[in-house]
Every structure is written in C-alpha cells, then in structure tokens.
C-alpha cells in the first residue's frame, strides 16, 4: 500500500500499478458544456490528495455518487498524468469495511497527539468533578448525545487544533488549565467554570460535518457553532432540570466565549466565569498553535513557517540549557 | 399640574409650591461615608428630569425603595435648589393608579407617531397574510406571548425608533416595505420573508425591561436580543409544529439580521430571505432616523443636530417646489 | 464554430483544426530580453480565455497592435500546447464586421438576464415619470449623452451586476424598488429620489472603458465614478436650466450614494432623498449578488461558492413548499 | 473696553457696568414650552464667550434676529449671573461699523502668526512662479474669485491651522516646502505640483462660512470641500483655456490630496504630482500642529496638552544647547 | 481630621473651620490676563479633590511652588465656595514628615487588597524559584534597582490594577498563574517564562512618576514602558553576565507582551515563552478588572458600572448555591 | 554566460548545455517520506530563479549545505524539465571568488540607481554637517560599526526601496529633503533632525541578513528594527559621551519614526524633530515607490501595475509639455 505522496514520486513517464487506501474528501457534481454531468472526486490521505473525473457511464459512478464525504476506499489502478497533474486510472474501487477503519486512520488523517480513548476518559473524569449535580448531568447529556462527533471532530477547520480529535484535545487541555487556575481566582464559581469549559465549543460537533473530511454543515452555515452549542446545552439542561438561573449563566459562557463580537461572540463576557473561560480558551488556542508549529517544523530549522494565528513564524529552537 | 421643564423656569430664589406627575426612571442605592445607605431617585417626564435624595429615615423611603423603575407618581412639594441644581422638597407622594396611567402617557414619554392600537391591528393583518399556516401560527404565538412588551417597547435604546412603541412601529413599517418589494424579488420566499420581518427584532421584548423607563434586563446583558428572539421563536415553532427545515431558515433570519458580526449578528445572511430582511431592516432603521430628525428639528433651522446613525446632520428644509 | 472551453477539451496530443469567434480582451506590449518587442494577446469568449504571443515579424502583428480591446475576431488555426498551456497556432484572423456583432454577443460575453432593449424602454418610462420638467430633462440629457456606454456597461467590474448591461439592469431594478417604496416614505421627495436613482451610478459609463472587455479608463483612475457622474449631471443640468437648489440636492445624491467614505462616498448622505437612494442601492446590489449566485450554481448543490459581497456562500436550495 | 475673560473675574455678587466689543458667534431660534420663540445668542471675543437669551418683546430682538453670524457688536450693560453662569444684562447694543472692524480683529479672534497682507503677497508671488501660462491663469482665477474667503478662512475647523487666515498660511507654507523639495524629485512636474499645492484646499473657502465665526455652509455639508474645490478649479480652467489633459491631472491632485478615502479623498493619489502634494500636505499639517502647540503652551511646562492630531502631548522644551 | 468628601457635605452657606491631610496631586503654573503668574493647585485624598488658587504674594506660594507632586500636607482653614465650587481658604499648611506618611496612606489613596510587604516577600520567593542563576540574578538586579517604584506604582493609569501597588500585585498574581500552568505546557521553558513574567511590566516603574499621584514621566512619553523595561533588563543582564542567547529571548518577552502592535507591542510574540507570558498577562489583567468591579460595586446592585476593558457591565451577583 | 530568463526560453524538448552565475537565495532542509533528508536549493539572478533538489549522496550536497544564503556560484549543466518546471541538471558547481563578486552584482541583483560609493560619500558629508560634535560622533560610530550591511541592504523587504543599497539611498534622499526643509521649520532643531534622519532606519542593518538574498535575521524577528536601531545608537552614544538629554530625544526619533503603533512605532512622535523626521520618512518612502514604478513600467504603457503602498496603479505618462 502506497501513500499518495509516494505515488507522486514514481516516474512520470511510465504507468505503474499501485494500491492505496484513501478517503473521499469532496465530491462535486459538475456540468460539462454538452450538459452531461460528471463527478469531480477528491481523494487523499494524510500525505496528499489527487482528483479523479468520473463520468456517468463509468462503473465507479454510482459508488462515488452515493458515498458521503469521509468514506474510505481501497483503490487499485495505474499511475498516469493529465495536463501534468497526477490523474491515475482506477481499475478497482471498494469501500473499506467499518470494522477496518481504525487500522487506517493514522495513515489517512492527522490526529491529536493524545489517543482518543485517553482524552475521552480524562474528559469523563472532569465531568465527574463538577460538584453541582444538575450541572454535571447537563454537561454529561449535552456531550453524551454528540459523543461520536465530539470525539473525532477537529478544534477548528484551520487555525488551532485543526486535526482529528482536536476539539476534544482542546477541551481537555482547557479543563486542565481551568483546574490549575481556579484556586487562584476564588471569585470564579468553580462548577460553572468547569462546566462552561467542557461545553464551550460543543456546537462545533454540529457545525462541522464529517470527521475524516471536515466541512461546515448546512446548519453550521445558517446558525453557527455558538448558537448550536447554546441549543444543545439548553436541551440537555431541560432533561437535567438545571435551575434557570444557572442555565442562564452557563449559556452566557457559550455565547460570549469567542471574546469579541467580530470573532463571532453573541455577547461580551459579563460574569466572572465567562471572562475566565474566554481567557483560558484564548490561552490554550494560542498554545495549541505553538505545539503544532513545534511538532511540524523540521528539526534543522530555527523558525517555523509563518503562523497566521500568531502573526509571526515561531522560534522552534530550544533556549540554551537554561 | 406642571411639567418638569416649567418647574425649572420658576424663579430660583423663591420656593414655589407645585404638583407634578412623574415616572420613576432610576433608583440607586448609594452608601454615604458613614456607611448609612440612601436612595438617589431620578424622576421625570417627557420634558426633563430631576433627582431626589432620600435617606432611610424619610417617610418616602419605603415607597421609593419598593417601587420598580417605570412606576408613575403624583408628587407635591416646593421648588428648591441645592448646589445650583433643581432639588425640590417633596411633601407628598403617591402612586398613580393603574387605571389612570394612559391619561398621562403622552405627558410622560415620547411615543410613536402612530397610535398603538392602529399599529397592533396592522401587525395582526400582516400576520394573517402569511400563507403557510404553521409559519403564521409560529409568528402569532411568538409575538402573542410577549404582547404587552412588544406593543410598548422602543425599537432601540438610542439610535432608531427609540421611543414608546417604536419596536412595533419599526416592525410594521418594515412589513409594509416587505410587501411592496416582494413582487420585485421573486427569488425571495414571500411567506418566510414576511414572517422573518415580523419577528426579526422580537428578542428586544425580552432584552429590554420597563416600557416607561427602558433599560437592559439581566438576560438582555447575558444573552442579547438576537439569541433571545431565536429562543422565543423556537418555542413558538414547537407549539405550531413548524417543519424543522422552515424553522432553520426562519431562525437564520433572526440570527443574521444585524448584518455584520460586529453589530451583533450571529452569522452572515446566507439565504435570499435573510439578505432581503436584513437590507429592508437597514433601510427602515435609517429612514426612521430621518423621520425623527424631521419632526424634532425646530421649523426655522435648515439642518438638524448631528445624527449619529447617519454620520451627519440632516438637511430638513424641503427642496424647492420640485 | 467552437467555444474556447470545447477547444480545451480536445485531445492534447494531436493538433486539431478549428474556427472560433473571440473578443480581444487585453493586449500588452512586452519587451523580450533581447529588447525586441512582442504582443501578449488575450482572446476569449464567455466560456474561457487563451493567450497568443505575437512577434513583430508575424503577419498578425499589425492587426493586433492596432485593434482596441473589445474588438471581435474570427480566427482559424490548429490546437497546440506550450508548457502545458493551450497555445493554438492561428493561421487566419479577421475582424468581425460591426453589422454581425450582435449575433455573437451571447456567445462572447455574459449578459444581463433581461434584454437590453426592454431595459432601455423601461428606463425611458421611468425618466418620463419624473414630474419636475427640468429634473426630467437633466436626467434625460445626462443619460442620453452616454447612451451607448450606459446601455452596455456592467454594474461593477466585480462584486454585483458584473456583466454586460448590468449597469442598466441595476438602475432599472432600483427604479422599480424606488417606485414601490416611495408611497411608504412621504418625507422623501419622489421626483428627486427617482432622478437620483436613475443617475446615481451614471459615472460608471465614464469610469469604465470597453463594453466587451471592461477595464478602468484613465479618468476612471484619476477621478472615479462618483466625481465623473457629478460632472456629467452638472453639465446636463446647465442645459436643462435646473434651479441651483435642486441641482445641489441631486448632486448630493450622487456624491453620497456609496454610503461610507471608505467605500468611495464623497460625503455622508444628509437629505431624506440621499439616505433613501443610498439604502435602496445597497438593497438592490446585495439582491443582485443573490440573483447571480442562484443562477450560476449547479442545480445539484445546496450552497453556492463563497460570495465575497455577502461574506458567505448562499443557500440556493428553495425552502420546502412553504 | 473689557475682555470677556476680565468681565468674568469681576466680583460675582455685585452688578458692575461694562462695555465690550464682541462677535456674534451663534444665534439659534428656540421654542419655549408655551410655544413663544426666543433667541439664544452666543457672543464672545478671543478670551471667552457668554450667552444672552433674547425674547421677542426685547428691543434687541430684531437686531440679533437679522444679524449674520460673525457680526461685531459694541455692547454696554451690567454684569449678572443666572444659575451661576455669567449672564450680563445688556442695556445698549450697536453694530460696529465695517470701517472699524480691523481695529478689533486681534481682540476678537485668534489669527495666523503672519500678517494676512504678507501671506497674500507671497501667495501671489508663488502663482507667478507657475511656468505654464494656462495653469497660472487657472490658479489665479480660481483663487481670485474667492479672494476674501480664501484670505481669512481657517485651515480647518479644528485639527490644524484652525484660526483666522490659517487656510492661506497653510497654503503658503506648503508652497514654500514644495519649492524647496522640487529639485530633489525631478520626476514631479513642477508647474503642476505648485499649482496643485496652491489650490488643493481651495474648496474650504466654499465649505466654510463666516470668517469670524466659522461653521460649515449648506454646500459644505452636501458636497464637501474636495468636490467644491474641484468645481471651482474646473470653472477657472475653462476661462483660462487649460488643456483637458492638464486639467485632469490638476483636478486629480485636489481629489486625492486627503490621502485616504476614509479621510475624504475621492480617489487615491495616482500621479507623481498627486503623491507629492498629498505628502507635503500631510507634513505641513502636522508641523502646523507642532507650531501651534509650541506657541500656546505656557513657558513653564515641559509638555503641551494632548494634541489629537499627533496622538500625543508635545515636548515643548527645547533640547539642550545642541 | 476630615475627609474631603465630608468637607463638601458641610453646610454651604457657613464657613466651617477644618483640618485635613491631603496629597498634592497636580500643580500648574498659569498666567493671568495681566501676565502675573499664579499656581492652580489640586489637593485631595481617596474620597475626593479640590482646587486652590495661589498667587505670588501668598505666604503659601513658595511652599507649593517647590513641592513635588505627591507631597503630603496637613492643612487648616475654613470651608468656602467660589462660583459654587468648594474653594476653602487655607490658613495654615505644613508638609507631613516622612516618618508619618505610612499612617496616612490608607486615608489618601486606594491600595492593592494585599499588603505591600506580603507582595514583596512573595515576589522575592518567585525570583528564588528561577533555576538558572544568571537569569535569577538578572531579574533580581532589574527589579531591585527600581525597588521603591516597583513596590508602589499602579499596574496602569486606568484600565486594570490602577491603584497603589497594583503593578506588584499584578506581577505576583501572574507569577502564581504561571507556576500553576507551567506543568501543563512543557514546551515552555519554565525559567524563562517565570523570569519574563516577573519583569514583563517593569518598565512601568520608569514610565510612571509619583507613587501617590501617578502621571507619565518625560521618558514615559518619549520611550514608553516596553522600551524602558527592555533597557532596564539589558543593564541588569550585563551585570549578571546573562548569556546573549538567553537575554535575546528574555527581552523578546518584554517587547512582545502587549500582544498586538497597536496596543504597544514592539513585535509579535514568536517564542513559546513569549506567547505564554502574553496570554497569562491578558488573563490576569482581565481578571483584575473583574476583581475590582466585584469589590467596588454596592452590595445591592446586580451589575457593576460599564467596565471599559471588558466592554460590558459585570454581573456581580453570585450564582445560586451552585 | 546566460541569464536564467534566457535559459528558460531555450527549447524545452532538448537538453542544452549552459553556464551561469547565480546567487544562492534560499536553502531548506526537507525530509522525504522515507525520512532521508534532502536540500531544496533556490538559485537565481536578477532575471529569474529556479530550484534544484540535492540529495545527501550528491557530490554537491556538502557545498550547498555549508554555503550561506547570498553565496555566489558559477554553475555548469544542461537544461531539463521536471513536471514541466525548469529543473536543470548541474554537472559542475564552484563558488565565485570574493574578488570577482562585484563584476557580477549587476547581473545578479537589482541595485539602487545611484552608485554605492557616491551614496556613501554623500552620507559621510551629511554626517559632517551635524553641528553638535557628540551627536555627529554618535551617528558616525553607529553607522560606521555596521558599514558593510548599511551600505548594501535594501530599504525594505518589499514596499519601498526594496533593492540592494536601497537603505542607504533612502537615507541619503531623506537627508537631502531634511536639509532643504529645515530653513522652513525653525522650530525643529537641525542637528537632532539631521542625526535622527541618518540613523532612523539603521536597525534594518541588523534586522535583515544577507545583502544578496535578504531575509529577516533571528534578532530581526525577536526584536524588530526599531529596537535594534535604538540599541545600536545607545551603544554609540556611550562611546561618544552624548549627554543623556540629547540621547533621549535622538532615541525617541528612532522609536517613533514609523508613525503609527500598528506600523511598528514604539511611541507616537512627541517632539518637533520626531514629527518632522517621521513625515519626511513617509514622503520619501512614497516617492521611492513612485520612482520605482516609473523606471520599471514599459515605455508603452500609461499606467504601472497596481502599487500596494500607493493603493493604486501610477500614471507614468508625463503630462503634456507643461
């Protein structure tokens, strides 16, 4: 089995047979001049992508047409080039069975540096630390009902923690920081702050769609993750009989965590807990960019690429034995 | 009965007895140096305001302490000045009975130029024009459940339609414009657009508090009118069994009508109906500022005061017999 | 006759003879290393473009050198590729005769969805609706003197109504909205508002150059459409003996219609008519983007591409049978 | 004759007779509660201002009602206070005769530090330095037709050179800088740059009104000084038969000199001359703020007040014998 | 001894003898019309301020003229009013002896809620926790050389920790947060981060002047606290022989900690330590505003005044027994 | 010897032997999938660039690995294409000897239009014009210690004077303007202004690295040119025993010359000299863009490409014989 990157390094002028496992990243119906439709299919793994054009009379057409973005395929074919772009001819295509998917995940997409199971376990432990029962149940329901998305979705489409399980990694890291800082800021209600931390970005599990090939869902476009998270938590709070006065403040943390209206906040943070969560969010998002730049920059370079969220390239060389 | 403005024009150097009807606009508990508390009470009518300091041992103290902002009082006293500010001594104070309030409204606060009853009737007629039954019911419930606030609240605290019933006036005027424009933009679904117009600002009935002395409610601070309107409509839609797909779009109109994120929109308008409603909102808000400048500028002046929302003073002189 | 798009789909590895009708979109003199000059010629139709390099010793050189951008050519040649870009060899080139041009327009450039003649007729009718004679004559002269440009130029180079006759389409649509809304805003002088609507963007007929291949004229760069429109209307008003006081207000509509100084307005709108026209302009410009996204998105997609002027992709799927 | 400042220092508790010469700065018609109209008159000299309320039955009413802002009065009366504000009772009022005005100018308003006659002479000399005759005549006519306003108006209402004859002082200083710099930038056409410098702010002579009490004229509000200057120069160029190609570039200097669209420029500077004039304008405006801060800060202070246009207080202490 | 606030509450119409201890907050030389100079002296305590005009022939003149801002006086006199403002007549003035000052501090200025000595001890302990000796010495020298200012200056002139010893309080609180968070972010060098935290705002000890009446020093205006801190640390690092490579990174923390260039950062944070310190700074600054709003809002109010740095009033009511 | 541009015009389908002199512009270590490292080397001259991939087993590997950016090579090889990009096979590579470099400079990089020696001589003359000896020595040391970088570095990486010796050209041109303008602004201390002009951008000699292939140095990223210039001047001033009061003001010119905080200024200009230098800097930077657009636009075009720093394309056609 080859990576896409390896396939592209094979000699251009000869057609080499290969086998690869790839994820369907995007599939768009296009109309040719003669009004016949075709599919423009984007396939790829962690190392790169390629496109395949699939006309209606192809045997693969129905398979691709009905597959959702994120479906994993085992493909066989020969390398080829069209207009100098890698355009392999695929002879055989089959969906990888559900049961096999985890084997390939690492090969297909970039993942959080901490295993999903560990993150999930730590998250559950944090939920257990919420002292107020109704609050704890609210958080538990709200996350539990979206478990599979919450476990695998990225923290953002670009910017920070933008990889599989990044949403959960960011949430867990923020909860760690929250626990570490709470003794220093006694004016912050610890239960509300921890609960707010755990669900502040929950709406992303509804805003995004497809854990292997993430894009915005229709509701993501129309409502945005702030309002979707608000709605999800409201629903869970009803089940958990959370008193209205606590719910108002929990919701306020979600509505204000983006910090500034132009970054998508519905209101400015106006409770000690909301100010606190919004600042811890900011801290961990920026540190996530630092961590990512550190692990993705080649060892021999002093500076990373320019990091848009930092507004600078990062000095990745360690300071001298300090 | 005197207006506050008239009282301030009486001779400063003699104490004149008077009677006035005023609304309690603000009442703040303050602490004196010696730690005893007192009330700083702001009373006023449409023509002006004055402050009364009320210590704990005053007979009026409990009355003022327990009164909500917006309560109407008939007061008697004599004019007086303290540190050159009008500070009358009040001898008698009594709450005006509910049944009498309407008599004094015009005296106490600025009102929309169209009577509330006419606006309400026209609003009901617009609701009746919504062709889709579930949509119509949704709007009817959503507004009906907040009838008394919706009928009397201003369109904004400052900026546009900032007077009693301004919210309803702005809504009705937008509905008129909506009906006039819909034939020109057939790509806009008329039922959704009309429904969206009627409830786009509904959250203000929850964001504000007190129709005679409007301020932001606690929920107004924590959630904002956009999210409060969304929540109110969601609740009404459940009662009316509005299909999810229509509700998503109706909610999107509320969430996006402010136009820009930094003006408080939760998302950018992304349906034909949402773009349309947001533009009609903008048009009528600006024309509301024009109308207000026209009717509040003295007849002999060519230009109004500077209008912040327009970024200019308005030329109020009519063009020559064009 | 083939479209450029079709030519590009022919087999890359064989030279196929073809005939096409194309418009000269750009022609730039470049200097080779050895100081000899050559022309880089951009040709295209509605479906796509290609480039031809033409050296001084080519027989086509004088023809291309002297042709203005927007000239239409019938070309014959064979398909070919250079550095993997489509670079046909042209054997024969001839200018299409003036009398034939209209036959090819639809093939060559994107046009407004309403025929030019209908738009023009409707525009004339709107001019006729201006009650004040001097105002009507002013508008009539101002537009009449630029008839051919005004009829065919786009509404903008990018952003909204950016296609042949888009300027006139936008003007006519705004006039429709103006007529529909005027009864609702009696504080707006109807004659001034209608006249202002009709000429608000007139300067674009001077700011742009070339109706088939639109770019900015030198004066467009140096003066901008706002000032050029002001100048054109001033000249027409002198002919029509428009009283100064009306002219001042008509000019003010042009000078302020862009809304904000940073978008190119010379002043902020400060008359009821100017506020009104500027808001209707904003409404129709945004709805023009909606209309364009609706008709250019493939039927099978739910969302359009990202629309810069809306700040979002548009949901193009109709709402369920509402 | 007393200054207003001196009058305000007289004992508050006794009515002292006085005589003063003051300028009518503002006169607003107001409506009392009882619908009778009165005038709120603002009078002042360089040292301060005071207000006089003048009812319809006062003998002074017609005099004030018909006087234009900027009229100079000799007033007699006795000092008095109303609500602790200086409110003298005026017994006698008479307009100062035209022929006497210059005697009082210094007493009444702040003036440029260079005498008006010298500035005018130097300005004429600069006009004479324009080599191209038609350009020279254009500038001469354009300025000459507005001579009296151009000679006395301020450079701005606030910000820089905001005092009598500040407009001419700024223009002359810029011309000096222009002449000094032109040899260093040979890519700048010297005639165009000098002509452009001399008329870049000419529109302010139309945008403002009243040289002793400057406010914006109606046209100033509706058209702005950039467009008014453009119009004035266009008219003069026709008289002087300036070739269109030169006029386009001269006008471009006016249209672009504000630098950024949001500061009121109609276009961005796009010729060497326009870039040059806009930069020299910026330089002299800022240095004008420096000069003003230097001469208006008391000798014993190291720093001036905060200067808004500089975004800082200015260190006015000279550097040590450098 | 009375507070200023109490003095202002004494009967206005009778002259009451009093004694007070006040700090000289500002003393400006002004010039009267007749060119004689006088001092405008601002005196006050924590509860309020008043002004005294002091002419050259007054016996107090030399005392005030030569006193620095921040000097503490014991004054005796009688209450009086001039133009309705409290203007007491001072009969006796004497400087409070150095040895007595601490007795009055609490009476005179608002202080950090933690005693200065405790803050200083905790700070020294944090310095001791820096593992790298040269770094530790650098920080120790840099702070030690400015001990008295660093101990007493506010964290900012307005915005956050804006009271006596606020600079040290903010520094200590940040160090606590730093220590709590470092285990969670192992990519951050702990010695550099702690050192950077302790000296990030050190320049304020040079930017401000006067611990009892803080204003900007001349160098504060000309260089700003970021560069002044850089310079101070550079000097200390030379003494401590800190290796250049560590110094570069320590300086970078100071230069970048303000976060954004427009907030005064010289560069964007580009090391893990600098990103970390800048985020912790932001967190503690905002929490400082929360703490201040909580302790300065009267117990009976739900919301604080509008807090500019938060962009909202803060809900100060505790959440229900969560 | 061929230019890179000429090599790219040779027939694609045949391998042609060539010799060229090129500068090493960038050399990045990359990791292949199989974890073996390779160098991606960017070579070029003034006419263009190309890339060479160099694996560890290549004979050229150690040469490229150890060469600094900016090293000049004489290369021999044959033309070739990989994936349609010019990828020559290099057979022989040797470093050009130091002594030969100047011969090739013109061939390799774009240079200032004035010879370096003349600029340096003129610069020295300006230093000599500083009347105050300590100031003169400070400037002389500060520049002298960085002579080689200061002589050859560009004025900016992009934007203005972005070519070899552009930094010195901009400095000299500003000094000329400074000398020309000083007589007009006597409130500006001429010695300080001239000294400040000469060293305002000196930090760029430390912020950049590599005169033939300029990038930001590590210190450039961490400290920025403003602070680096400040530090360099501070050091020189100590040697020259410049009095502190003069040094404070000289440093302030460096710290504030960028004009706005968001453009990198550490403080706003707050002395007459700093305001003056910052304005002259702005003027010459913009005129540098004008000069560059004029000399790099082909003679037959009226307008240059869009110039980002001007926000417009420049009209490069001379005005008619004015």
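Each chain gets a letter, A, B, C, D, E and F, in the order it is written, and its residues are counted from 1.
Basically, a contact is a pair of C-beta atoms (placed from the backbone, for glycine too) under 8 Å apart; a residue touches a chain by one contact, two chains touch by 3 or more.
Just so it is clear, the model here is predicted, and its values are computed rather than measured.
Participant: Count of steps on the shortest touching-chain route from chain C to chain E?
Facilitator: Between chain C and chain E, the shortest chain-hopping route counts 2.
Participant: Enumerate, in label order, the chains that touch chain B and chain E alike.
Facilitator: A, D
Participant: Does A-C or C-D have the larger number of C-beta pairs in contact?
Facilitator: Contact tally favours C-D.
Participant: Suppose you list every residue number at the chain D-chain F interface; are over half of them used by both chains (same) or under half (different)?
Facilitator: Because over half of the interface numbers appear in both copies, chain F and chain D meet with the same residues.
Participant: Taking each chain's centre as its mean C-alpha position, how far apart are chain C and chain F in Å?
Facilitator: 42
Participant: At what distance in angstrom does the C-alpha mean of chain F lie from that of chain A?
Facilitator: Once rounded, the distance between the two centres reads 42 Å.
Participant: If you look at chain F, which of its residues touch at least two other chains?
Facilitator: Expected reply: 84, 218, 221-222, 249, 267, 270-271, 303, 312-313, 315.
Participant: Output every touching chain pair, sorted by label.
Facilitator: Contact pairs between chains: A-B, A-C, A-E, A-F, B-C, B-D, B-E, C-D, C-F, D-E, D-F, E-F.
Participant: Going by the contact rule at the top, pick out the chain A residues touching chain E in the complex.
Facilitator: So the residues of chain A in touch with chain E come to 131-132, 135, 173, 176-177, 180-181, 183-185, 187, 189, 191-192, 243, 245-246, 249, 267-273, 275-276, 279-280, 282-283, 286-287, 289-291, 294, 303, 310-315, 318-320, 322.
Participant: In their complex, what parts of chain F are in touch with chain E?
Facilitator: By the definition above, chain F touches chain E via 218-219, 221-224, 226-227, 230-231, 234, 248-249, 251-252, 255, 260-264, 266-267, 270-271.
Participant: In the complex formed with chain B, which residues of chain E make contact?
Facilitator: Against chain B, the touching part of chain E is residues 3, 5-6, 9, 12, 47, 84, 298, 300-303, 312-313, 315.
Participant: Could you please specify the touching residues of chain E with respect to chain D in the complex?
Facilitator: Touch residues, chain E against chain D: 28-31, 33, 37, 83-84, 218, 221-222.
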